[in-house]
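Heads up, the thing below is written out as structure tokens.
Chain naming follows the written order as A, B, C, D and E, and within any one chain the residues start at number 1.
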Amino acid sequence: MRLVAERIGHGYGALDVLSDISFSVADGEIVAVVGPSGCGKSTLLRILGGLERPRAGRALIEGTAPPGSLNPITFVFQDFALLPWRTVAGNVALVLEDRPLAAAERREMVAGALARMGLADFADAYPKQLSGGMRQRVGLARALVVRPAVLLMDEPLSALDAQTRELLMDDLTGLLAAERFAGVYVTHNLGEAVRLARRILVMSRRPGRVRSVVEIARPIAGRSAGDAELAAAAQAIWESLREEAVAADRELADG
Amino acid sequence: MAEPVPFRGGGFQPRARRLVAVATLAVLVAGWSLASRAGWVSPIALPPPEEVATALVRLARSGELARHLAASLSRLVSGFALGAGAGVVVGLAIGLVSLARSAGMPVIAALFPIPKIALLPLFVVWFGIGEASKVATIAFGAFFPMAVATYGGVDGVDRTLIRMAQSFGLPTLSIVRKVVLPGALPAMLSGTRIAAAIAIILIVAAEMIGANEGIGAFILAAGNLMQTDQLVAGVVVLSVLGLTVSGLIGAAESVLLRWRR
Amino acid sequence: AQETVVAGALRFVSNGALFVAIEKGFFKEEGLEVELRFFQAAQPIAVAVVSGDIDVGMTAFTGGFYNLAGKGGLKVIAAQAREKKGYEGNAVLVSNAAFAKGFRKIEDFPGHSLGITQVGSSFHYQIGQLARIKGFDLKRVELKPLQSLPAMAAALKTNQVDALIIAPHIAKGLAAAGDAHLIGWYSDFDEYQFGALFTSPKMIEARRATLEKFVRAYQKGAGEFASAMLRLDGAGKRVFDPAAADPIAGMIAKYVYPSDPPAEGTRKVKGATFYVDAQARLDVGDIHGQVAWYKSQGMVDAAVDPKAFIDLGFVKGHTNVPR
Amino acid sequence: MAEPVPFRGGGFQPRARRLVAVATLAVLVAGWSLASRAGWVSPIALPPPEEVATALVRLARSGELARHLAASLSRLVSGFALGAGAGVVVGLAIGLVSLARSAGMPVIAALFPIPKIALLPLFVVWFGIGEASKVATIAFGAFFPMAVATYGGVDGVDRTLIRMAQSFGLPTLSIVRKVVLPGALPAMLSGTRIAAAIAIILIVAAEMIGANEGIGAFILAAGNLMQTDQLVAGVVVLSVLGLTVSGLIGAAESVLLRWRR
Amino acid sequence: MRLVAERIGHGYGALDVLSDISFSVADGEIVAVVGPSGCGKSTLLRILGGLERPRAGRALIEGTAPPGSLNPITFVFQDFALLPWRTVAGNVALVLEDRPLAAAERREMVAGALARMGLADFADAYPKQLSGGMRQRVGLARALVVRPAVLLMDEPLSALDAQTRELLMDDLTGLLAAERFAGVYVTHNLGEAVRLARRILVMSRRPGRVRSVVEIARPIAGRSAGDAELAAAAQAIWESLREEAVAADRELADG
């Protein structure tokens, strides 16, 4: 199954946000999207996931979803999007409750997803009791439990502190390498982009266009935090982005 | 040559101390009693607290208090249930459906500021002089704050939670039940607090029409007869009722909203 | 089986004829069971008759009553109390402070304040009539609606209003205690049909025979009340023959002062007695006059026609009927 | 073989459309008029809207409306100023000073739920039947919500802003003036909204005793006379007054709170 | 002027937060403080700045503050702590208003501080109109305007996105190199610590103690983002912290 963006354009009122974005995500491939603040990365992801209708172009699914996938295109959110009134297990169970599954099977699926994210001991905890890292692990468990084909991740680590981010990055690379999910990974952090992605889409300022696409051929499993080659790739992207990042930073919101 | 870093923090965190609170109330009552006994306050203007206490005890002993409370509480409960129930339904509709919002908001805005006492003569014509008009007065009072709080609560539900639920393909009804309603619950509970306070306040107005029993009727009769000791006793009962209901809602909150802070 | 009639009234001595008729069993004799509903205020009684909550009601006339009647909801069928020359009725009281400053007679009203219960009440009407008779401008009297009789008494005692027109027992009590000065009786200046027994058009249509029985029994009560309570001596002053008056007053006291000991209640009833026509006949002309005055003040709608809401068919011999 | 990603977003963002709002009110009034004319609603229960409009026009033409409004507004303004002013002062004290908090909170909690109509007879004894008792009734009603909103607002001021000010050595008075007060302003303005609504609602109660002029007195008189057209006209005036005041506060908010969203 | 922490210990109720912390910050020296979540870093900083009274030990100033310093010990806050109802200039002026300064002098000082942070064009903007990076620049301008001797910075960049953080890091290193402020820099981000600090205090889990002190001799001016030596130092600290970070991450808040 491939996820294809076909000449997607979008805007809000008079504000043009995205313009003519085309790319595709193949089976098991991670595409990172980077770009300055407000260039429409989150909007693009919402369009890809069917949460927003684009003004122009369209998002397509090519091929069929793998059998057993309950929710082929699944989001992971920046702010975790956990229901605070449900326990960890309840939050994961939420997305299975309206599916035709036997209660026992559902329980088993939830327990399996929690175990895979190291959350087995936290099944009955409420989100507020968890650290940020654990909360995002719940978000990942919830995404895994529906057996997705493509994960759409909107800055999944940016709400975490640097050390926790490091820990989750390890978990995430492990997961993506083991499961062969496809994914679109939006981030500001070029270090994350070069560690996870096969291709990096560098976007321009609003209205966001694809400025360049950087390919990184090395398998994810072999990449590590202190890798000089990756650092150089990140540095190169940064040089190309810097000016636009400065401009985005100095932009005044009207109001 | 080394001196400590000057302290410049602290403060701006006043704490309510229970002891001082109790002491304050005690001092107030004692001062009131003293002023009455010294003759600074005429018993018509404010009966001494002992007389109020005596009136209360007499009221309780004779079973009158129970009778009046029972009458008022039954009106309160049914009026509140009707009004608040309708308020939740209308509030949900306004919070979820564009048409209901467009139609409901202006009507609520126009009717909310109308004092219920002004409508009493019409209520009597509409609902008669029996229980119905009293229950309707209370229901009418409880309806608006509940409706406003409910749609405010629905508006306040984190949209990313709703988008999350949609992105996992949850059906709309499930989203309303599992995301919107629990998310609006805190606001609805504080709406309940206000609606209950208004319902208690309206007891007196509701019992202005043709009521022989009820705390409100009792207070009105005492006021008409200038029996200030009984009047204040009745007011004390209402105040205690208000505090009790507010305490109950607080307890409900701490159970239902365990997941918060 | 007995037929039930639901009657609404205030616990006032002016409804004495009804209470006597019940106590004496006149309704039972007619085969009627009267179920009494007591109210706190006059207005809801009229509304309750309109809405069918009760079958008949008895209260004083007010502007609100006439407006309801004019909209077709009420039919007046027999008399309640009335102000009659030679009998005590409402009295005019002046506060001590106003009295000291020279408020001694009705003509002194202009420039002073008068406490009333509500706009359009019988007290409002009575000051209007006094103004008409004495020829002063009603606008020069400051009317203060105070909602209840005790509030009126309290306001007079504390000199917050200059005058009241108020029921005899309250007036005499205040004057006797030195809290105010009684400067005249309303009945010295004018006669006035105070109130009525009324029902709804629907009731007349559906249960005319029952109503006729009810009125018959009520008239008997009025006759008993009048003969026992309204005796005049040779000088035209009212006297109570204890043998005749006390049993009747005692019956009324059971309804009006239920929480007082019987002797005390009997005494109070005697002090509060109004004139009641022995056959419960209405002063129909006065009602027309009342409506006309309320209309002139803008308190009753121009379309209200007394002819339409008085049913002359239940009592024979109504007085002063306009052509 | 390529199919579009299924759309599953949207919704849960009801918009109030002004046109529908106006249409709703128009339909309601038209239906009311129709029901009256068809005789489904007796004129005793609810006068037809035309009559209410006529009554309003007559009221306005004769200058009576202006007279009643002037009387009520002067009571409203002075009562509100007194009550809300005292509420702000007490609320600030409770929000800043431990002793005031300990002493003030229980007193407010006990007195808040008391219906003001119940106290009317006492107010008359305390303040007479003149303007004072009416102003006091309104002031009493406005005081509590304002005090509660003010200390709530002070409690809600971001403590890091206060610690920031302390860390730069700002004197306490400056912190109160420049950090606490502006920070509490949004809550105080919504308290003003509630206090104003309560003040308007209390006009009718305040004008029950000894008032010849004022919208409340007018409504009460109309109720006594069963002149339902005038009654409803008076209620409409109060409703419009409530909407106006709420609009004014909204305007004040959008000026004073420009710095927010 | 030296800032000295002398055997500082602290706690809240039954919770011990800090235990026996001693170190000093010499003139012009930046000390970074790193450690797992909840180990008491922010508490330590508040005690050093006189906003909290320690249960044990004390914070001392040795020597005198440089002449002309209005507020020798000055904070920079993680969440910027700007008054939303004041403009950029108003926020900076706030901290001068209660000082005995002529109006003209005050205006000049404010303008100078804004200019130094590149905020001259934003003087009349409200905080909500600014990007996160610009907001923290206002926070820095406000700190500069009182001519501090020691800056106490509590994760000043952690609320910013990765690209903005990169831009502000450049500003900050420039500033600290040029002005020779002393500073205590609390952070979760080891990369930041190794780029800015002469000494890095590595703290243990709560109750926080000093586990080790890492010295980095190279002058700040010569350090850069892609430096391998610094990356190795950061990696070494991370190895020593990792286990504690994992434990902190898996901690359940009671509630």
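Basically, a contact is a pair of C-beta atoms (placed from the backbone, for glycine too) under 8 Å apart; a residue touches a chain by one contact, two chains touch by 3 or more.
Keep in mind that what you see is a predicted model, and the values were worked out from it rather than measured.
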Chains linked by the largest number of contacting C-beta pairs: B-D
Centroid distance [mean C-alpha coordinates] between subunit E and subunit A, Å: 32
Separation of subunit A from subunit D, taking each centre as the mean of its C-alpha atoms, in whole Å: 48
Length of the line joining the C-alpha centres of subunit C and subunit D, rounded to whole Å: 41
Overlap residues in subunit E, where contacts from two or more other chains coincide: 46, 49-51, 73, 126, 128, 255
Residue numbers of subunit C (touch at least two other chains): 43, 50, 151, 154
Junction residues of subunit B - those touching two or more other chains: 8-9, 121, 125, 163, 166-167, 169, 220, 223-224, 226, 261
Chains grouped in pairs wherever the two touch, ordered by label: A-B, A-D, A-E, B-C, B-D, B-E, C-D, D-E
Subunit E - residues contacting subunit A, complex: 36-37, 122, 125-126, 128-131, 133-134, 155, 158, 161-164, 166-167, 187-192, 225-226, 228, 231-232, 235, 238, 241-242, 245-246, 248-255
For the subunit B and subunit E complex, residues of the former touching the latter: 1-10, 261
Subunit E residues touching subunit D - in the complex, by the definition given at the top: 46, 49-51, 70-71, 73-75, 77, 79, 81, 83-86, 94-95, 97-98, 126-128, 142, 146
Parts of subunit B lying in touch with subunit D, wherever the complex brings them together: 8-9, 11-22, 24-25, 28, 44-46, 94-103, 105-107, 109-122, 125-126, 159, 162-163, 166-167, 169, 172, 175, 180, 197, 200-205, 216, 219-220, 223-224, 226, 228, 231-232, 234-235, 238-239, 241-243, 246
Residue ranges of subunit C touching subunit B (in the complex, touch as defined): 38-40, 43-44, 47-48, 50-51, 53, 148-151, 154
